[in-house]
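Order of writing sets the labels: A, B and C. Residues in every chain begin at 1.
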Amino acid sequence: MSTGRLEVRGISTSYGPVTALDGVEVVAEPGKITAVLGANGAGKTTLLRTISGLVRPQAGQVLLDGADLTKAPAEAIARAGIAHVPEGRGVITELTVEENLRLGALLGASRRKTERGLAQVYEMFPPLAERRRRDAHVLSGGERQMLVVGRALLTGPSVLLLDEPSLGLAPRIVAQIFELLRGLVDAEGVTVLLVEQNARSALSIADVGIVLNLGRVVARDDAATLAADDALRHAYLGF
Amino acid sequence: MSQETREAPVTASPPPAGGRLAGLLRWRPRSTLGRHALLVLAALVAVVLVLELTSPFRNSQFATMSYYAIAAAGLTVLTGLNGQISLGHGALMAVGAYTTGLLLGEEGDGALPLLLVMLIAAAVTALVGAVVGAAAARLHGPYLAGATLALAVAVPGLAIYFDHVFGGEQGLRIDSPEVPGWFDATIYFLFAHETPGAKYLAYLGWGTLLLVLLLLANLMAGRVGRVWRAVRDDEVAAELAGIRLGQVRVLAFVVSAACAGLAGAVLGVVVRLAAPSGFTIVLSLGLLTAVVVGGLGSLAGALLGSALLVFLPPAVTNLGIAAGLDGTQAAQLAPFVYGVVLVLVMLLAPSGFVGVLRKVRARRGSSRRTG
Amino acid sequence: MQQFLNVTLTGLGQGAIYAAFALALVLIWRSTRIVNFAQGAMGMFTTYLALTVIEGGQSYWVGLVVALVAGLVLGAVIERLVIRPVEGGPELNAVIVTLGLFVALQALAAILFGSTFRSFPAPFDLRGFTVGGVNIAFTANSIYVIVAVVVVMLALVVLFRFTDLGLQMRAAAFSQEVSRLLGVRVGRMLTLGWALAAVVGSLSGLLIAGGSLVFPAYMDAVIVYGFVAAVLGGLDSPGGAVVGGLTIGLLLSYVSGYLGSELVALAALAILVAVLLVRPQGLFAHTAARRV
């Protein structure tokens, strides 16, 4: 997998009269996990959707290794190497587990690479291997999360955007997945932008943390520093 | 009357600024019914003038326009206000026409007066509408469209199957009503004109139309109209507010079916025939075109669309013949134009002509305010 | 007994064609959530193109290819230009657009090709086989019809189940947003879906026309019956479309044979209403009952 530097410069996004993001600046470095935190409605999901091209910003730029992706359609942004695992996971339940994975692998080049990639994912996530021919809707919440992460990885991304992967999952599974993420980043140097409401867990594996409130960046620091800042935590992160 | 589709507050205008005559001219009745009645009265005067001043050929065109407009008014209320699409209104018109045919008969030997026959036709069609509406109440979008399309295709077949009652392919001949003595005398007294049959039919059609428009306008502006709009805009919210979706939908269908039945009755006496060939899919689609182009949910739009339905085809056909097409080909130019117009309107101006007008007015109003 | 056999065989032949048409409707519904009311008119138009080619001296098979290719192009063009702007908007708009296309195409055909009834050749023998001294309503042409439909369906199954392109099309149909995030060019998939559906529709138009008369409105009833078949099987289910088509073909054939051909349309309406009231998601929907 290649690495990529993601820059978000002065992004403002509105849904009609409602401003969701206002002049947001973010830099996500390769080989680092950048956590995006904040309460509900802070704009975290909108940020990811703007980066991946599902939503057009009214102002600002999204740059990947210096290339301007702001106006590109979502499928082109995906092909450029930004994999977005959306809110709600995005498992296509009418397809089988393997078909979901293959869909991700289509962005990879050759047939052999696909088979190898699939084998790797099955090794990483044994429950998926067990159910590879079943329709994806039989998977549990944790298994679905594994599926969409595996699928995103198969696209060979340089940037991985994750929207609330811990939602609805048991703490043990959350820990498993976060551990996996950390290992991935350390091994492959992928850029990860992790949106989470579960700030405590996110900060425990992140390198950098950004806090959004009502569409604006209110804090930006090392994860450890943020986690230690009691006032900030109480005000914006709920713990 | 297009204003009535908005949630316009019903208030009288403020007291006049100056001058008693100016004040009198600016007087508006306090109630919605009053305002609508005044509009209808004005329209009636206009209708009389137009019919008296134009030729019998034009009169018969206006008569045709009147029954399209009656059906279109009912359809625009159903589709625009309540959100239910119907491709089967041609079939409902057939019900009205055949009922009229059965009651009036070929020699006019039915003992019932014409107005009563028309009322019965409307009632019978309303009943059919209740049945169809009940079946359709749970359907949406394409399912509803498909089901009503199936209805439109099935009804002519019924008429052919029971040919001993309905006259089969040839249909039922309907006697044209005689011009009543008092009517003839009044017109002669006012204008020194005779009243040939075609003109009387136009009066009949338009009189019915204006009455229907008055009733529908009041319905739309009142509580019923608001409930229908609520169901169209957000079913879940409406249901949570205590509105019985099924009943509301069926009622909307019944009202629009009654209009279609009335239109069918007028069609019957104007065309003097109720036959399967007069009620093809093209009729239903033509009505849909009329309400879409005019603007869904707008009575003025329905009028406009019906005018288009009647006056556009001859104009287009003449263009076609001038361009070198033969007669039958040129006749097909009109439906071709309908289809294209329907597509273009949906792509470019989905709110129809009335919607475009409203936007223009709004923009001009706001620029005047800021300018 | 003989009548029953004949009515059944006729019904199967018709049913195969309704199945193909219903399949075209389902293809488009799955990808764009639109019922293409213009499908019949599109098939009629390409059949007229084939007729023009055949009457110009070419063989039936050349005409067939012309019709299928024309269908492909027509479907793609219509999706890109006319349908794309109304996809995802209010359902009413899409319904009206396809109806407008229906009216326009039918009128255009009348202008270009005339409204008179014209006969369309059948590629195979139209005489019924004689089995055990009894003439049955099954002809060589009937075999061709069934084989053609089966071949097309198998081709579609292979495409969708076993190719990457098919996987992308299915993904785009089930979940546009997620597919886009995975790099699927959803717009192209939708256009392709319409193009393929139009090819199937063109085939239906040709098969119905073979050995019969064509006139601009000859596919009107098929739209209704195909729609009923698709709804019966479940608008989301291609397999359901096939079963629905065969079922409708048989049922309508029985009505026509035993009760009278004028009642066929009414029977179709009755079946539709029954299905929509009793099991609106159709016989084969495996997803939860969709809001009808």
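Keep in mind that, in the parts below, a contact is a pair of C-beta atoms (placed from the backbone, for glycine too) under 8 Å apart; a residue touches a chain by one contact, two chains touch by 3 or more.
Keep in mind that what you see is a predicted model, and the values were worked out from it rather than measured.
When each chain is reduced to the mean of its CA atoms, the one lying nearest the mean of all protein CA atoms is C. The chain with its Cα centroid farthest from the Cα centroid of subunit A is B. As a whole-number value, the distance joining the C-alpha centres of subunit B and subunit C reads 34 Å.
Centroids built from CA atoms put subunit C at 43 Å from subunit A. With centres defined as mean CA coordinates, subunit B is found 56 Å away from subunit A. On the subunit B side of its complex with subunit C, the touching residues are 79, 83, 85, 87, 135, 138-143, 145-147, 149-151, 153-154, 156-158, 160-161, 281-282, 285, 288-289, 292, 325, 328-329, 332-336, 338-343, 346-347, 350. In the complex of the two chains, the subunit A residues touching subunit C come out as 52-54, 73-75, 78-79, 83-84, 86, 90, 92-95, 99, 102-104, 106-107, 151, 155.
Residues 164, 167-168, 170-171, 174-175, 177-186, 287 of subunit C are the ones that touch subunit A when the two sit in their complex.
Of all residues in subunit C, only 29, 34-35, 37, 82, 85-86, 90-97, 99-108, 110-111, 114-115, 220-221, 223-224, 227-228, 231, 260, 262-266, 268-269, 272-273, 276-277, 280, 291-292 touch subunit B in the complex they form.
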